[in-house]
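Right after this note come the structures.
Here chain A shows up in two complexes: once beside chain B, once beside chain C.
So, the complex of A and B:
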């Protein structure tokens, strides 16, 4: 398999009145052709900023691409001009957003919003574009697409709007689809429909998907690989089996333990992660998670751990990975299992 | 829950309807005749998709809405007919925690005054007001220094704690929690749920827990009710509901919950519902779920299924069980 997208040491900051907010602080990952990569993390961990940075949707200023590369088929998107980016956005890499109500234009018919991209990127005539748009609406499972074509977003339900957005995103056959919390605003039954639709379309069109979410359930069912982010950094990445069966970072443990298992005893307490994420105006010197980590050592407060490879493809940024901490790590893992 | 069986219900809801006039001679039947009891010290979970009327139920119980018809009795008194002193007493014993911790705290009031508002109204200044607020803040895991701050200085989880402290200030028996954790991050959700459970143990509180996250509802609730388009379709003990769901809607809803375990991915049988929830202004005839039901029969279109106790303490409204 080949890498279609390779993000290398990306840093993104925002300049605000109170100072520089370091939203993304050195993120690296890659996406392989036809695969689904999930980025998980809590609000404010930088997962949405990362995805917007890939599409170069961050307004500069106040935003700033401080460092790093986003290689798409070997070309660095960060260095591209706005004009060149227009050829990438929609055509090569497309995006769907969390809130289908605010991300569709309420003053334009749904049909027109799909046709817009097709005309721009595929150089089709209006009539051909309309045909293609109706075909897309049919593909995403919208009944009576001909009459839906002339309707406005407010005439669609939440699930329908998300389908319409997927139709827009896929209308130019992009190689990469970035889905930023695509089902968070939807009910579980509709969520299941949309996730099924995305999987089905991926199998048919061979699209690579970056799925951004905070729902580990969605990740387990849809992703091939997972990147766990915390405070603007990648703390762990690996295949879903690695991440769910043997997570190695205490933050990943924390995320997993916070959710009730389906057979969880009601008398048993959940084990939340204490405290709250750090302020990225002044990120801590050492590991950003140290203040909330049960297993924090002295070095964690002082030096930020680097992302190191535990086994091929499974990478962890934690001092517990250090050979000198091995005994302590074993103790921590045992402690985690006894909880 | 064997202990609660003998007790009298703290809250009893009988055939409550709440209809909204949406103009153009159209009526939106948000809640269309539901009945259930809540027993002291238990947690009843109420789940369903958005627009099914679960929040309207909560708001009608606490009299934020007046019921169109039906009866809500709290400790034997009809909630919607109380006046004066008795109404004030009701407002003390029944409190609400809201979904959006950003919108439900007044941004121009300090935390001290937000929490003490109920204390002032009910004249509970036996102890010094300030001491009382500090005590409440500590109960919910905040501290003294937070009292002089404004809501915008807090994170979502902390705000939800303030909302809980405000509800507790008047020493209620019954709390309606309307999606109290939906707006919070996973790691913080567990903090708030643990806090709610601890308070329940210590103070014998009774909860109505409204949510759409089915795994959290299972964990926190003793019994769970499932709503669809203004009606309860199933009500049972929470283990029974999850192990042995009877209504096709409950089955579909449970099968749609993503499970955070990749090894189970291929073993599960999924019931994927087609289409969306129909409009509550013009709901389908007979059983309202029939348009999306994989097992719909002829009778479903003509007759409204009866709300029946199929097994002990397991109620369902579906023609499959007649």
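So, the complex of A and C:
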């Protein structure tokens, strides 16, 4: 397995009237060829910013790439010029956005919007590009693609539009597909169809996928590896089995607990994580989760824990991982299981 | 589509009929008659002249007579300029107004568009402030002040262009320029505001994510969406400009429609008033119709229903 994308210590800030918002504060992860990496976390944790930063879609200003590298096949995208990025976007790395209702140009036919990228990257003639676009529409399961080709987005349903978005994203056979909450705006039956479609295409085309989501159900179904983000940082990362079977960060525990369970008594209430994420205008000095953490110790308020390796590939940023906290940790885990 | 056009067309006829009727009776309720030196005429002579022109009949009789002629395409003769056909006068006056107006419009829309797009792209820079300042001035300085200043400095002081008249093409430049200012101001404002909004839309990010270059994104994705509100103001603006500005035509001594219209009202020249009103109305109604069709071309979401889904 080889790394196709390697994000190292990425920092992204936004300059606003009230000051610098540190949206992403040192995020590192990598994506292997043909694998699916899920980035999870609640709203505002920096998942979308991270994903857009990879393709350099963040407008500067107000955004700023403060620090870090995004290595794609060894080349640092952060340092690339806009001209060079044009060759990467769509061709090497493509993206599907969250809201299919607003992500397509309302005054351009769906066909043209697919053809555009194909002509740019594959140097095909208009007729060939059209053929390819219709083939893509067929591939993503849009019936009668020839007549759909000349229609406008408003003539498509939500699920159809997301399929069209996927067709646009995959039309140039990208090596990496970033899907930013691809199913959030869709209803549940369509969600499953879209996820199946992406998995199916991945198997056929060998694309690596970065799946941004806050839906752990989707993660469990689709991902190989998981990165849990909180307040602009990675708090835990590991394989899907490690994260679901043996989560080690209290925030990950919180996420798991807040998920409704199939065998849950109806009268039983859901258990959300109390409180709200910190203000990233002035991030706390210690662990960003400490204020909401049931197991917070004194050190958590003072010093931010580093991401440490628990076992190979399973990394956690929490003081409970420290050897000196061993006993306390065991207690916490037992307490969690008895709940 | 055919049905839609037919429906629109019949509505246009109704609109015109209402305008004609209202104008006709309002006009007749004005004090005075088209007669010159009325006080010097003997009552007999006065009655004779009125009878000769059919002005002695009650207004509603005259109204139906007028409609009868109108259906046959006859607007009658001017009461003021003895024996001149109103149709001829309109054609003559419309020529200069149309030329100057279209030049002003073309120039104004082009510059307004460029200015608006640049201001949106370079938001909150000196260029944006300049564009804002220019359009505030364009809206608030009446075109006749600008026209007078131009005529004085460029025409009289510098002598670069003829200050008045309509004999050479160069004489049309200054009036066109004076009129275009308001167009630049309006179009640039609308385009800027809409462009700023469009640039922040999700689909712009989608286009960028495809690897399309900045210029192509701007032209193919942004401009078309940003043009929609500008098209709305374009219709009335175009009619306004093409039919000629009375004061600007006055300052540059151009024998256009604007001048003719005002003169006819001052003289109670009934046939000319009606002729000009009808001409203006037809122009406005037709332009608005064209604008509605343009909408559909630019924005498929408001394309006329009835087309097959």
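We take it that the second predicted complex is superposed on the first by the 336 of 339 C-alpha atoms of A that agree within 3 Å, B and C clash if a C-alpha of one lies under 4 Å from a C-alpha of the other, contacts with A are read in each partner's own complex, and residues count from 1 in each chain.
One rule holds for everything that comes next: a contact is a pair of C-beta atoms (placed from the backbone, for glycine too) under 8 Å apart; a residue touches a chain by one contact, two chains touch by 3 or more.
These numbers were taken from a predicted model, which means no experiment stands behind them.
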| item | value |
| --- | --- |
| Simultaneous placement of chain C and chain B on chain A, clash or fit | fit |
| Touching partner for A:157 - first (chain B), second (chain C), both, neither | first |
| Partner with the higher number of touched chain A residues, chain C or chain B | B |
| Partner chain(s) touched by A:97 [first = chain B, second = chain C, both, neither] | second |
| Touching partner for A:123 - first (chain B), second (chain C), both, neither | neither |
| First, second, both or neither for A:204, with chain B first and chain C second | neither |
| Touching partner for A:107 - first (chain B), second (chain C), both, neither | second |
| Partner chain in contact with A:86 - chain B first, chain C second, else both or neither | second |
| Partner chain(s) touched by A:168 [first = chain B, second = chain C, both, neither] | second |
| Least C-alpha distance (whole Å) that remains between chain C and chain B when both complexes are overlaid | 10 |
| Common interface positions of chain A, toward chain B and toward chain C | none |
| Chain A - residues contacting chain C, complex | 52, 55, 57, 82-83, 85-91, 94-95, 97, 99, 102-108, 113, 116-117, 120-121, 152, 154-155, 165, 168-169 |
| In the complex, chain A residues that touch chain B | 42-43, 157-160, 187-193, 195-196, 214-221, 240-241, 244-245, 254-262, 264, 266, 269-274, 276 |
| Chain A partner contacts - residues on chain B that touch it in the complex | 49-50, 155, 157-158, 185-191, 193-194, 197, 212, 214-216, 218-220, 222, 238, 242, 252-253, 255-263, 265, 270, 272-273, 276-277 |
| Chain A-facing residues of chain C, complex | 201-203, 205-214, 220-221, 224-225, 298-301, 309 |
